[in-house]
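For reference, chains read A, B, C and D in written order, and residue numbers begin at 1 within each chain.
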C-alpha cells in the first residue's frame, strides 16, 4: 500500500510485515520511554548508580556509540576530502548510523544529568577548562552537521524530491557536502579526542590519568584512532545485518573490504600506540602514585581478563585480521574481526568509565561493584530501538544504497 | 607532578585532624548533618546512597586478635590545593577562587553530571539522590547556614563556609580585620563540636593559628599525597601503621609517610 | 511557470507573516504581563511619613551585635512606637490592630527577595549608600506593587546575579561562587 | 481568505519563527532553571536572629551542658558550653542532634489514652490528669498497689516521684532502671565505705579502664573525653596513658595506648590477677584486709590469667610495669555497656585503687557524699529497687501493683529478657507512661502523658555517675513554648499530689529545682545560665573488699556457649532513646545493614562456631533469641561475641522501627553470690547458623 513511497526500482516487504516489525521494535522503545519518564519523574535514584559509581552504563553507552558512529565523519572525510569515490556506495549508511548514534547519545545525556531542566547551562555557563564542555559543544555541533548531511537524503525521497524547491535544496546541499564533511571531520576529531581527555585529566584516578605528553596529544589521538578504527567496520556490520534481515544485497563486498581495510589500518596504528601507552602507564606512571598494576584489578568483575580481552583478543587480533588481505577478503573472517574490533572499543570505553572509578584509592577503602539496573538497560535499549526505527524507515523509503538496484536485478 | 599549578591564597583554611584523639563517636557527622541540613534517610545503612559530607572511616591494622588495632579517620572535603574536581565541571558550579582556598560547590548552578564525583579520589562529593524531605515539622529545625538542595545536584563539605562569612561580618562589626581572623573566630561545625578536640582548624599560612605548626609536625601527613592534589586537610598520628594507610606504598614498599611537598 | 511559482510563493507568505507578527506581540506585550502576578503589601507602609519624623534607614533597619543585618523590622521593633495607635493614618490602625496587638508578624513582601542559596552581607556593603542598590524609599508614600514571577517565585524588582557580578568586577571584588552563595 | 492546510502550516511556522525573536523561550528557560533551585516541596531555611541559649540536654545518660542555637527563637543546633566544666565546649553525638529530636516523628504529640490493643486516642490534659488522680485515689494507702519506674539517674524528679509514692503509702514501690551508680554504691558499701564513687580522670597520669567505656558511653563521657584530650595535646607528647581492658575494641580503646581483650566473663579475674601481679611486684597497702586480699589474689596466677582471659601473661607484666611507672594511676571498673555488672566486678577493680593508695587522691578514686534532698520524704537513690527484679516479681505474681508510673524509662525494651519484661508489664492493670517519645513502654501504657523535650523544660542533674567531685547542673527551657502539647511530668505529679491531699511543698518542678539548688548551696540562676556547681570529693578508709571478693564466682566453662558482650555506642541511642534522626548516619554498615544487625566476633571464634562473615545466625540466651549476621572483627575478645545494644525497636519512628534486633532479649539474669544483686554482664549465648 505504501509502494509509491519506495525508492525507484527496489522491492520492499509487505506493509503488514513491516508494520509488525515496527510494532515489535516500538514495544522496546515504549518500555524504554516508560523508564525515561520514571527517571524524569523520580530522578536517577531509580537507577543502579550510587555514591561510588556516578558514571555507569549510560556514560559507557554514550562513549561507545559515539565511537561506533565515527564511521560517519571518517568515511565522509575519505570520500569528500580525500576523494575515495568507491565509498559513495556506503556513505549514506554511515551518515544515518552516525546520526542515530549522536542523537541517541545526546538523549541519554539529558537523562543522565540530575537536573535536566538546566541542561542548557552547558552552553550558557561553559567552563572552558572542562573536557566535558568541549564534548558538549562538539557533539551538539557535529550532531547538527549530521542533520545537515541527513536532510538531503530525506529530501531525495521520491515524493519529496518531486517538489522543485526541495529538489534544488537537496541538490545544493549535496554540492556543498564536502564543506560539511570537512567541518564534521574537524569537530569529530576534537570531541573524540576530548572524550579520551575526559578521563585522561582525572588526576585523582590513576587508571585513567595520563601525565603531560601522554595526555596531549597522546591520549587525544589514541581515542580518535580507536574511534576511526571501529566506526567504519561497524557500518559494514550494520549493512551486513540489514542484508541478512532483508535478504537483499545492498553494498558490494569490495566496498566492505575497503572499509575493513581502512578500519584495520587505523586499528593497527591505534593498538600499537595503545600497547606503548599501557606499558608506560604500568611501568612508569602507576609506581609514581605508589600503586601497582595488580592493584588496578579485583576478582572477576574487575579482573585483568578485561584488559587483556580489550587489548589482545579484541585489539591485536582483529587488527591483524583486518590488515591481512587474505583474511579480510573472507567475508566470515571480516565480520568476525569487525565484531571483535567493536567489542574491544566498547570494552575500552567501559573500562575507562567504570573500572577507573571502581578502584579504591584510599588504602582503607574497599572495592565496590556496580551493576546497571532495569532503568538504565531499558533506556539504553530505547536508544537502540530508536536506531532500529530510524534505520527501518530510512531503508524502506529512502534511496540509501546506490548499488541496491543493480545488485538485485 | 601533575601539570596543574597549585593556586596560592594569602589565607588558606585547613584542618589538622589528630587520629590518635578521634574516638569515632560520630558527633562531627551529626553536627555536620545538622549544620548543613541533610535530611535523615530511611535506610542510612545503605552507604552507597547516603550523604555524609563528613564521614568517619574505620581503619584497621589488619592484625588478628589480640594485636588488632583500629583508628578512626574523619574525612571532610580535602579542599585540595590542586583540586581534581574543579577543572572538570562543565558549568563552573565549583571553583577555588576565593581567599581562604575553600573549594566551593554551587547547588543552583550544578546540573548533576557527576563528573566531579568521578574525579574525586576521596569520595568527598555526594549526589542528591532524592529531594531533602524532612519528617513533618523537622524543617523548622533547619539551620539558616545552608540552603536545602533539590535532588539531582552534587554537594560536599565546604568547611561550613557560611560560618566564615559570619565570622567576617562579626569582625567588621567589632572593628577587626575580616581578612585576618583570629584563631578560632571561624570554626566549622565538626571542629567546634568534637568532644576530644581531635580536629584543629585554622589558617595554615598564619603563624598565629595552631594548624600552622601542627601541619608541619613530623607525624603529619595528607591522604594520597602522591596524586599531587595538595589537600588542605592534614592528619596526625603517632602510629606508623595509621600514617602508612594515608597513601599507597605497594609499588615502593616504603613505610611511613614520605613527604612530597612541592 | 517560473513566474507563477514566485507569485504563489508571495501569496503564501501572508500566513507566515501573520503568525510571525502575532508571536511577536504575544511575546513582547502579553507574556511579560502574564508571567508576573501582582501583589500589594499587607499594610500600606509609608516610608515618607517615617522619614519626615526624622528617622533614617538605620533607625529601623539595624545591624545586630554579631554583624548580621536585621532586615525588615519585626513587631518588637515597630511596637516601640506603635504599641498603640499614635497617628491618624488608617494604615497604622490596621497594623496595630491586626499585627501589633495579636503578636502576629506582618508578612511583608520583600522586593529584594533573594533565595536561600544566596548569602548577602549588608555589613560588607556598609560603606555604600543604601540607595546604591535599593530604591530611595524615603519619598515613598504608598508601597509599590510587588511583581512575583509565577514560575520562579522571584520578585521582579530583585537584583539578579549579573548585577552583583558587574559591581564586584568593576570594584575589583572577588566574583568567586562562595562569595555570594551558600 | 480561507485558511487551508498549507496556510495553517505556514502560520504555525511563522509563529514559531516569531517566538524565537521574543523573550518567551529564553526567559522561560531561565525561569524554569530558577524554579528548579526553589522547588516548592524543598523546605526553606529559617531566617532571623541567631542566638545561643544555655540548656541542660539530658538526652544522654549523664546529660550535656550545651548551648542551644536558635534562629528566630527556634532551636536548630546544639554546641558545647565552653564555660561549663562538664562540657568545656564539647557535645556528645546525641546531644549534638538534640534540636532535630524536638520534631522526631516518634514524639508524643498530646496526652493519649488506650482504646484498644495498640490503639490510642488523643485526650485533653484535664481529662488525662483526672484519670491519673482517679486511679491513684482508688489505690491510695494500699501498700504494693502503686509503683513507679524511673529511668532518670540524676534528676530531682526522682525525689518527687518517690516522695509521692511514700505519701500514697507505697514507699517501697520506687524502682530505677539499671545503671552503674546503683551497683557501684553497693560495691563501696562492701568495701566498708559510703557514697557514690567518683573518678578523677583529669588528674591521673594512667587511666586503666576495666570495662568502663569512659570515652564514649560510660559516665560523664564528654568531661572524660575532655580530660583525655587535655592529656593528649596534638603535636606534643601525651601526659597520661589510657589503657582499656574489656571485651571489645570499642571507641574508647581505639585511642588507648593499650587494649587488652578481656572476655566479659573474666572481668573480676582480670582485676584480681592484676592485683596479684602488683602485690608480687611490691605493692602493699595499709587496708585491714590486705592479708586476706593477698591470699585471695594469689589464686589468680599468670596461668589462671591466661586461662580466664585468653591473653598472654606478658600483657599482664607490661601492664604492671606501666602502673608501677605511673605517678597517679587510676583504675575505673565498670560494665562495658554500663549496666548488669555486679558489685563484685566493681569491688575487684576498685580494690586496685585501694591497693595503689589512690583513694581520695588527686587523679584517684573519690567518694561523693550523699547530696542534700529537696524533699525530705524522698527515698535515697541507693535504696531504690531495681526495675528488673521488680518486674520479675510482677511476672511471677510476687508483686501485684495496680498502677505503674513510668518516668523517662523504657522497661519494655531496655531490661534484660526484654520480652518477658514487656509481658510482665501486661500484668499491671493501669500503666502511665511519662514519655517524650512513643517508645515500646508507651505503646503498652494505658495513659500516655507526653513529657517535654529537654529544651522545653526545667531539669537538673545531681552527680552524674563517674564525676570526681559532687556536681550539680540545672537548666531551664531554651525555647518560648513547647513544640507539642506537653506538660512536665513533675508538674503533673505535684498537681495530682495536691488533688490527693498530699502537699509536697511545691507546685512546679522549677520550684523543686530551686529548692534543691539552695539545699546544695548553688545559685539557681547561675546554673540555669549554663554554670555548674561543684563541691569537694572525699577519700575514706576503704577496705579491699576481700571478704566480698572471696565469694566471687569462678567462671564456668561451657563449650557450646560463648560470652555475650553487648556494646553501647552513644551515637546509636540509649536505653531511653532509639537512634535519633541526626545520628543515623553514624551507624556503620558493619554494624547494621538494612534490617540486619551484625554480631561481631574474631576469626578464631567464628571458626569455632562454624560460621563465616555474612552468615545469618540465631543467638539464644535465657528465653530469648535474636537474629543477626556475622561480621568478623578481630577486635573482639576470645570466645566472645559482641553486639550493639539499642536496636530492634518495635515502636519509635520509620528510621528505627524494625531495624536490627534487641540484644536485651538474650541477656540472662543471675544472682550474684553474697550481694543479692542481679547481674547479667557475664551472659552467655549459643550461636546457631540459620
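Simple rule for what comes next: contacts are C-beta pairs under 8 Å (C-beta built on N, C-alpha and C of every residue); 3 or more make two chains touch, one makes a residue touch a chain.
On a predicted model such as this, the values are computed, not experimentally measured, just so you know.
*Asks:* Comparing the two chain pairs, does B-C have more C-beta contacts than A-D, or is it the other way round?
*Replies:* B-C
*Asks:* Round to the nearest whole Å and give the separation of the Cα centres of subunit A and subunit D.
*Replies:* 61
*Asks:* At what distance in angstrom does the C-alpha mean of subunit C lie from that of subunit A?
*Replies:* Each chain reduced to its C-alpha mean, subunit A and subunit C end up 50 Å apart.
*Asks:* Taking the mean of the CA coordinates per chain, how far is subunit B from subunit C in Å?
*Replies:* Each chain reduced to its C-alpha mean, subunit B and subunit C end up 37 Å apart.
*Asks:* Give, as an integer number of Å, the spacing between the C-alpha centres of subunit D and subunit B.
*Replies:* Distance between chain centres: 31 Å.
*Asks:* Could you say which residues in subunit A touch two or more other chains, in rising order?
*Replies:* 115, 118, 121
*Asks:* What residues in subunit B touch two or more of the other chains?
*Replies:* In subunit B, the residues touching two or more other chains are 47, 50, 58, 60, 92, 107-109, 131, 145-148, 150.
*Asks:* Return the residues of subunit C touching two or more other chains; collapse runs of consecutive numbers into ranges.
*Replies:* Those would be 66, 68, 115-117.
*Asks:* Every pair of chains that touch: which are they?
*Replies:* Contact pairs between chains: A-B, A-D, B-C, B-D, C-D.
*Asks:* Once bound in the complex, which stretches of subunit B touch subunit C?
*Replies:* Against subunit C, subunit B makes touches at 92-95, 97-99, 102, 104, 106-109, 145-148, 158, 161-162, 165-166, 168-174, 178.
*Asks:* Any idea which subunit D residues touch subunit C in the complex?
*Replies:* Against subunit C, subunit D makes touches at 1, 3, 6-8, 10-19, 21-24, 27-28, 31-32, 34-35, 37-38, 44-45, 47, 49-50.
*Asks:* Quick check on the complex: what are the subunit C residues that touch subunit B?
*Replies:* Residues 63, 65-68, 115-117, 119, 121, 123-124, 126, 174-179, 181-182 of subunit C touch subunit B in their complex.
*Asks:* Touching residues of subunit A toward subunit B in the complex: what are they?
*Replies:* Result: residues 43-45, 49-52, 54-55, 112-115, 118-119, 121-122, 125-127, 129-133, 136, 198, 201-206, 211-212, 215, 286-292, 294-295, 356-357, 361-365, 368 of subunit A touch subunit B.
*Asks:* Of all residues in subunit D, which touch subunit A in the complex?
*Replies:* It comes out as residues 29, 32-33, 35-36.
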